[in-house]
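Across the two complexes that follow, chain A remains constant while its partner is chain B and subsequently chain C.
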Partner chain A sequence: MATVQVSEAEKVYILHGIRDDLRVDGRGCEDYRHMEIETDVVSNTDGSAKVTLGDTAVLVGVKADIGKPRPKVPNEGYVEFFVDCSANATPEFEGRGGEELGTELSNTLYKVFNNKHSVDLKSLCISAGEHCWVLYVDVLLLQCDGNLYDAISVAIKAALFNTKIPRVHISADEEGGKEIELSDDPYDCVRLNVENVPCIVTLCKVGHRHVVDATLQEKACSVASLIISVTHKGTITCTRKVGGGSLDPESIFEMTEAGKRVGKALHAPLMKLLQQEESLGKARQKVGFLG
Partner chain B sequence: MAADMRLPTIQKPVSLTFSAFDRKDLVVPGDVITSDTGFMRGHGTYVDEEKLTASVAGEVQRVDKLICVKPLKTRFNGEVGDVVVGRITEVQQKRWKVETNSRLDSVLLLSSVNLPGGELRRRSAEDELTMREYLQEGDLISAEVQSVFSDGALSLHTRSLKYGKLGQGVLVQLSPSLIKRQKTHFHNLTCGASMILGNNGFVWLYPTPEQLEEEAGGFYTSLEPVSVSDREVISRLRNCLLALAAHKVLLFDTSVLYCYESSVHHQVKDILKPEVMEEIVMLTQQKLLDQEG
Partner chain C sequence: MGNVVQRQTRGALRFQLFRKMAGLELLSDQGYRLDGRKATELRKFQARMGVFAQADGSAYLEQGNTKALAVVYGPHEVRGSRSRIRHDQAVINCQYSMATFSTAERKRRPHGDRKSTEMSLHLKQTFEAAVMTQLYPRSQIDIYVKILQSDGGNYSVCVNAATLAVIDAGIPMRDYVCACTVGFVDETPLADLCYAEEGGGVSSLALALLPRGGQIALLQMDARLHQDHLEALIEAAMTACKGVSKVLDQVVRQHLQEASVPSAE
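For the complex of A and B:
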């Protein structure tokens, strides 16, 4: 991840601040920065969302394609993730510099969504064993200022909410095989149920306390972080520890509880905002990338 | 504790005077400034088919026969005498490389720093070997520009007691064109914190030291915890600086202080919300206009 250099005295200042629950920008240890979410920003995708969390900006596009289901689960579709760290974010990502971070992010996303409930894969089936919908979720990092996992998960949830999959009709053609017809009407589409899509919360251990939504300076002062993906009911789908430092078992338990609490609180305002945006319909003023 | 999520809105620039469209002296790269050949061209311009054209985006400044364009967002172009706040990036033989938001890393020679204890002696080989004990990679310093090398790199010095290694505090990185040139860049603000407005856009906020540490010479940093009230003042100042920078208001001690006063009835973490930023900046600009007029 992009790193900043911090001096020893600055580290001490940040550490003491977090100990007193007053971070450098005045937030408490469990407060998020200002978040802005907009969906339907990329016109040639089936669903898209752009999330700005402080100075971190993430763009997610979802495309639905017809493919062959996996042999072990013939009546389910599947989701493919790809994370691209663009050189726009920081010069370190130039060329192949962002590949390592990109693969780490996509592997974590696979783990997070690797369960029966996050996305209803059965609804993506067209005809068992032969055709199914494959959702290609592409994440593009535009700006990097810490806390990538959280921003990416919120953007994925918003993009999946915005995804419109065209309705299909299966008919038999002359040779007895199946022919798939996509509906011509652009408004005749299926929406996904994103109730159970989890949101990721990253908790960084700084000193003896943990912080949510760490900036790059705070990240430079922490030795280890815990990444937890939480659904709206408070169920954890994936836990991961990153960083070279060690975590005490008690602090892991404490951080998990805090992560569950914070993660659970993310879903309700997000769904409310997405529904509010949807209800604005054509009256919504699209902001996009300039402005 | 809940996250503040909202839909994005188009940001309108807050301007109490006239809007940017009315100003005739703002140019973008490629704009023709004048076709008159009698002018000398300064920085930010070039001659294209006998027409003086701008090469950067900014405002046109004219001094008699010299026309130059002062860009809004640029790397720091240092002059002799500028006060800068920089971060050590490398420790080399007899000098340190300092990052100051310019095109090239600035240079701080070993002979340009004050040795601890204030001794005045020739630097020995031992001094060279213990350079890292004075300043390491990642340390922040305040320094003054001594000279400019031919390639544009700045040579810094910390030969006064007010310059040197910086201790606990917060660094805010902004654009150099937002910092106003003043007689002094070290301010002890009345709200309870101190500020160094580096000409290179780096602003350092730190708790006001109780007594002047004359003998330290700037190399002793106190690692005592800073009190919560001081911390709050510094966080509020930091957010105010970011709010002013987002609306492109010129930064100097008075504007920062007015912004601080306008933000007092908001919570520190709310200052970075767009509508609160707009309100605070409008109040600050109003106060500045009232003070001028």
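For the complex of A and C:
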């Protein structure tokens, strides 16, 4: 992760500000920075989204491919995550430098989505035991300015919302085997239900209080953070504590409650925005990185 | 030798079906290509400089459906091995990588494979010819290019995007570096190839040019071409590159104009 050097005086300043619920850029402790979301930015994919949260920029592409289902669950498809920390973000990620962070991020994503409700895996099945849809979710990190987990989870939710999986027809061929035909019409597709896809909230403990959406400077002042993934109903799918410092159980409980509150409040405006963008249809001007 | 049955992915299947159905030829009798362009026409250019605030220089470039993002860090102190330090000039370090979702078939490794390493070396060679490295001895300039969507002409789009990024970083160069991929079909050179044309058995040549002096920074071709056609092909590539340089110049001037207009108070 890109790091900044923070002097002692700056640390004290940030700590005192957070104690009084006033951060360096004027936000409250539970406010997010300016977030911009755009879907359908890469046309080679089945679904894509670009999210900018402050200076953090993340691009997610979802590709659906036909594969063999896992032996233990023959009537379900599955989702594969891959996080690429590109050298664009910081020169330290050049070559294999970004692999460590990328692996950590993708492992956390697997844990977050490792439950029956986030993505309806049964709808990804084509024929039990033989064919299923595999969703390859590829996350590309373009700029790091703190709070990667939140930006990535919002981008994944938006990209899955945007994903269009083509309809398949299974027919029997001459030898009795199954033949899969993809529909030729590019608009004949199945959409995913992303209601239950969780959003990740990272809470950093700075002094005696916790902050949501910490910048790099605030992260440098914090001892430890708690990562919580929350669904729209307020259910938690995964909790992780990261960072070198230790947290006492009281603060973990407090941070969990705050995380649930913040996470739950994030879903409704996000879905509304995605549906609004979708309703613009063909008239929408695609901006991508050009705007 | 056993029969190896390859499972073709949806992307490749769809593309083959499309070609077979339409009976497409790379250059029609009226002189139109697959996407409706004429033989010497370039694809649609859209570019923006200064895309990322954290990097020293950045640029985003779209040429047709190929999208590339270039980021420059530097000049800064040489990282890693001190043996790379050159006492009289800056070291240029390039990395070319493709997003895993950039191609029709999902790429497993974004970089580190042979093709990416080769491209990185080509980019390094190209920019060493253009950047005035003797102004920054004992330092390093990093150029990172990422292909977000690949539709042919990857190398050329990378070079053009990287030129804009280096200019955005304020690093002095001798001239714009413009690149173009050209191919030879039916005795006609085609400028700025797209993916369908590159794969359609066309002899393609990639050229990076410093337009003002007409100096070639990199010339690469790995296909069969008759010697008599080579000069015509290089001429066509140079003309296309000069066209690209005009567009890049326009982009840079517009960016400077936008940056220098004082914001309304």
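In this section, the second predicted complex is superposed on the first by the 291 of 291 C-alpha atoms of A that agree within 3 Å, B and C clash if a C-alpha of one lies under 4 Å from a C-alpha of the other, contacts with A are read in each partner's own complex, and residues count from 1 in each chain.
Assume a contact is a pair of C-beta atoms (placed from the backbone, for glycine too) under 8 Å apart; a residue touches a chain by one contact, two chains touch by 3 or more.
Source: prediction; values computed, not measured.
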| item | value |
| --- | --- |
| First, second, both or neither for A:Leu142, with chain B first and chain C second | second |
| Which of chain B and chain C A:Phe82 touches, first, second, both or neither | second |
| Which of chain B and chain C A:Met35 touches, first, second, both or neither | first |
| Chain B versus chain C as contact partner of A:Val6, first or second or both or neither | first |
| Contacts of A:Ile252 with chain B and chain C, given as first, second, both or neither | neither |
| First, second, both or neither for A:Asn44, with chain B first and chain C second | second |
| Partner chain in contact with A:Leu270 - chain B first, chain C second, else both or neither | first |
| Set of chain A residues, in rising order, touched by both chain B and chain C | none |
| Contact footprint of chain A on chain B as seen in their complex | 1-11, 87, 89, 136-140, 166-171, 221, 223, 225-226, 228, 231-232, 235-236, 238-239, 267-269, 271-274 |
| Chain A residues within the chain C interface of the complex | 2, 42-45, 48, 55, 57, 59, 61-63, 65-66, 82, 84, 86-91, 94-96, 136, 138, 140, 142-145, 166, 182, 288-290 |
| Interfacial residue positions of chain A with respect to chain B in the complex | 5-10, 12-13, 16-17, 19-20, 22-28, 30-38, 52, 262, 265-266, 269-270, 273, 276-277, 284-285, 287, 291 |
| Of chain C, residues touching chain A in the complex | 9-10, 13-14, 46, 48, 51-55, 58, 60, 62, 65, 67, 69, 71, 73, 79, 93, 95, 97, 99-104, 106, 110-112, 142, 144, 146, 148-150 |
